[in-house]
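Two complexes, one shared chain (chain A), two partners (chain B, chain C).
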Partner chain A sequence: MTDWILFIPELYTLAAGGVFFFFCLGRGRPGRDYAAAMMLSAAGLVLTVCTAGFEGLVFEGVYQVDLYSQVFKALIYSGFFLTVCLCADLSGVDKARHSEFYLLLCLSTLAMMLLASSVHLLTIYISLEISSYSLYVLVYFRRGYPKGAAPAFQYFVFGAASSAVMLFGFALVYGAFGTAHMAELMGQVPARINEPVVFTGFVLSLSGFFFKLAVFPFHLWAPDAYEAAPHQVSAYIATASKVAAIAILVRMIALTGGQSDRVAWVLIFVSVASMTAGNLAAMAQKDIKRLLAFSSVAHAGYVMIGILSANAMGYTGAIFYGLSLMVMKFTCFMVVVKAADGGRNIKTDALAGLHQRAPVLALALLLALFGLAGIPPTIGFTAKLLVFKAAMEQGLLWLVIIAMLNVVISLYYYLGVLKAAYFTAPASQPRAIAVSLPFRLLALAMIVFMVAGGLYPRYMTALAGAMTAGLLP
Partner chain B sequence: MTVYAVFFYIIAALIIASAGLAITRKHMVHAVLYLVVSFIATALLFYLLGAPLVGIFQVILYAGAIMVLFLFIVMMIRMAPGADRPFPAGHFIAAFGVCGVYIAAALVLAFFSGPEAGRPMAAAAASPAAFGFYLFDQHWLAVEMISILLLVALIGALHLGRAGRRKQSGNKEP
Partner chain C sequence: MIVPYTHVMLLGAIVFLMGMICTLTRRNLIMIIVGLEIMLNAAAIVFVGAGLQFQQIEGQVMALFIVAVAAAEVSVGLAMVVCIYRQRHSIDPQCIENSPRVPDPKAASEPLTLNP
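Entry: the complex of A and B
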């Protein structure tokens, strides 16, 4: 008998999707769609926070509701809610298509929630596919983009290829153990992880999650997709989608029990490669969204350091890093949406004189970029400190040194953006950016959160630590 | 090598060859027909592995229903053959090169690891009723999730189709 109460947040999200589905059938009314999206996503966020204490197994044991999954669901929902907050000016999307836009966003959120709770390889695969497919379509929602469907198609081809590889890996794992249930795998994998079939299957099955997180060999879609998508969709990919990828990656790596040096070496390789490739490529970017895409690739590398440490501190650090990435990346995209009128793409120098045009946004951008670069006292510094400490516990000092060098490289381009916002004089008379009161409050909330997370991370790290309790043997 | 292994390798080669032909043909009808061959070979593979039910599903659903639908659509809209590649060849090489190296490294490790790597699985032949009961009893969440996936794909297809049409009509009326 299924305990339906545990499944309430997902059912609610499905129902919210149903609302937008009915809106799709009629004539497009952007104002109504936006209001509905705001209310539904805010209520959903409250609901996921309220259900954070739920625990249990549903659907014949393939769906696990625990603190880990519920907190991640709340994080994913915050990503959804924040993305909808940016949709007041959805000029990058055709007016008649707004309800479809929200519907796909809603279904993608639902899929990511399912992903956070899935403990069966089959369910994991399908929920990953739903969330990816919604995003492929959402990337193509950009109105009048000169390159047309090419970036979305590229994203799709990459996604399809890596999910095929992942499915092959799942098949090998299933073949080796005769079960695809994580609870059963958990007891058997650590002892057999160095067997070639298990190892191969495991590493191949990680590829789908690497694709989602945009880790090095699977990151090539990121810059084009970020650039081509409507700003709100890029923000969603950079926030909610990354959090969901971290949730499932931590769960998968926890399966190995951190016992395998071979798996650790694979993860160290992808971590170093994505940090370096992401940071070096980001230095050459002029378009802000491309720059943020490459910075996402670099940050995926830092997150991997926490995950590959495979100890309590590492998982805690990875979860905290996911939270901090969401806040910082969202703040950057908030500024991009406001600074780019009419949903255009903007170059870094278009931010010139931002501190006069919109002081609140400039301050938020300053803190977000400091956080991304890991400068105290921001939340990004705490996150980096946690993952580096976890790596030190495992005796990976050299990896931390490589990461620190990468942080120094990243300072170059983050400070480049800041220089444009604060010190470059605009070419013409600066025009003030109209920032409405709710938006100003949102920016202030982000500022407070980024500083508070840097100064008093204790409660958040304690929560992240409690979440990892079920993952360690 | 047993006779089953010989059959397995023949069928596997057939699947790879026909799938490769399917994605390289410029003429859509040819591509679809090669895909049908690939699906039927996959069905044979399932049959060989002791899963006749899945094999029959493969023939009826994939090779039969879906591919016939594909053929109808291709013939109805008469797509012009020889459209350009959607993105430059360099991207293909980068993508498949990088992913290919990753996969090849893992596979080489699997193949060069000695006979203990192979682990025979017990063949499981289930009756259709038992299979259906298992699927809808143990994994009905997955079945329901697939329906959401299909909804998303449907919306995506609709959006792609409409966006293309709007662009065309926009070009005609300057």
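Entry: the complex of A and C
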């Protein structure tokens, strides 16, 4: 008998999706859709936070509800809620399609929540696919984009190909062990990870998660998809989707018990490659969303440092990094949504004079970019410190040095954006950006969170540490 | 089991590589989707073979789920191909980049530009 109480946040999200499904059937009313989305997502966030203490197994043990999954669900839901907060001006999407837009966001959130709890290869595969399909369609929702459906199709082909590779890896792992359940695999994988079939299967099965996180060989979709998607969808991909990818990747790497040097070398390679490729490519970008996409690729590399360290500190660091990345990337996209009128794409120099046009947004952007570059006392600095410390514990000093060099490279383009926002004089008389009171409060909350996370990370790191307790042998 | 698992795995690997080559080399969006399907089916073959090796029903259940997911994937992919064909009158990946966009008669508002 299944304990349905444990499954309540997911059922709630499904019901919320059902509400939008019924809205789709009627005539599109953007105001009503937005209000409903705000209320439903806020209530869902409260619900996921309230259920954070739940523990147990659902559906014959293939669905594990524990502190790890529940905190990740709350994080994913906050990504969803914050994205909906940006939807007041949803001019990048056709008016008749707003309810479909929220429906797909809901479904994607639901699938990511399932992903955070999945402990069976089949549930992992299915929830990963559901979350991706919604995103493929959402990327295509951009109204009147000159390149049309091509970037969305590219995203689809990359995603489907990497998930097919992942599925083949799962098949090899299942064929080697005769079980697809993570709890049973966890006891058997570390001893046999160096067998060719197991190693190949395991590395192939990581590819689907690498795609989600936009790690080096699977990152090529990111700039085009970010650029082509409506700003809100880009924000969602950069926040909630990345957090879910970190959740499942940490679980998968924890399977090996950190015993295998070969797997560690593969992860070190993808980490260094994605840091370097992301940072070097970001330097050349003019479009601010492409720049943020390549910076996501670089940050995926830093997250991988924490994950490949495979110790308590490393997992804690990776989880904390996911949280900080969510806050910082969201703040950047908040500024993009506000600075780009009519849902257009903007270049970096379009931010000129932002400190006069909207001081609070300029300050939020300043802190977010400092955080992304890893300058204290922001939350991004603490996150980098944690993952680098974890790598030092494993004796990977040279990896930390490479990462530090990358941080220096990344300063160049982050400061370039800041220079545009603070020091470049706008070509014409600057038009003030109207920032409503709730939006101002949201920006202030982000500012406070970024500084508080940098100065007092103790509670958050303690929580992240408690989450990882079940992952270590 | 008459056929050893190694042979099934080998067959799966060959089919998988064929699917991957199809995805990477064909210059037709529909054939790209067919390649993706072949890759998924290769994984299903290995799952069924592995399930048979261990005398478990799990492998076949996986294969059933893979068929369902593949159907969903094709529906998303083909919907996009239809959209692309309406916009460009072509489903050649290289033509899509270069050919001009066919204006949508139903679009009321003027299209957004990349560089305002």
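Simple rule for what comes next: the second predicted complex is superposed on the first by the 473 of 473 C-alpha atoms of A that agree within 3 Å, B and C clash if a C-alpha of one lies under 4 Å from a C-alpha of the other, contacts with A are read in each partner's own complex, and residues count from 1 in each chain.
Here is the rule we use: a contact is a pair of C-beta atoms (placed from the backbone, for glycine too) under 8 Å apart; a residue touches a chain by one contact, two chains touch by 3 or more.
Please read these numbers as outputs of a predicted model, since none were measured by experiment.
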> In the superposed arrangement, does A:54 touch chain B (first), chain C (second), both or neither?
Replying inline: neither
>> Output check: A:171 vs chain B and chain C. Expected answer is one of first, second, both, neither. What do you get?
In response: second
> Looking at the overlay, what does A:343 touch: chain B (first), chain C (second), both, or neither?
Replying inline: second
>> Going by the contact rule set out at the top, does A:162 touch chain B (first), chain C (second), both, or neither?
In response: first
> So, does A:23 touch the first partner chain B, the second partner chain C, both, or neither?
Replying inline: neither
>> According to the stated criteria, A:199 is in contact with first (chain B), second (chain C), both, or neither; which is it?
In response: first
>> For A:180 in the superposed arrangement: first (chain B), second (chain C), both or neither?
In response: second
> Looking at the overlay, what does A:141 touch: chain B (first), chain C (second), both, or neither?
Replying inline: first
>> Applying the document's definition of touch, where does A:294 land relative to chain B and chain C: first, second, both, or neither?
In response: neither
> Do chain B and chain C land on any of the same chain A residues, and which?
Replying inline: 122, 126, 129, 133, 136-137, 140, 148-150, 153, 157, 161, 165, 175, 178, 197
> Which chain B residues qualify as touching chain A in the complex?
Replying inline: 86-87, 91, 94-96, 98-99, 101-103, 106-107, 109-110, 113, 116-119, 121, 137-142, 145-146, 148-149, 151-153, 155-156, 159-160, 163, 167
> Along chain A, where are the residues that touch chain B in the complex?
Replying inline: 14, 24, 59-60, 62-63, 97, 100, 103-104, 107, 110-111, 114, 120, 122-123, 126-127, 129-130, 133-134, 136-137, 140-141, 148-150, 153-154, 157-158, 161-162, 165, 175-176, 178, 195-197, 199-200, 203-204, 207, 217-218, 220
>> With touch defined as at the start, can you tell me which chain C residues reach chain A in the complex?
In response: 5, 9, 12, 16, 19-20, 23, 29, 32-33, 36, 39-40, 42-44, 46-47, 49-51, 53-54, 56, 58-59, 61-62, 65-66, 69, 72-73, 76-77, 80-81, 83-84, 87-88, 96-97, 101, 107, 109-116
> Where on chain A does chain C make contact in their complex?
Replying inline: 92, 121-122, 125-126, 129, 133, 136-137, 140, 142-146, 148-150, 152-153, 156-157, 160-161, 164-165, 167-168, 170-172, 174-175, 178, 180, 197, 342-347
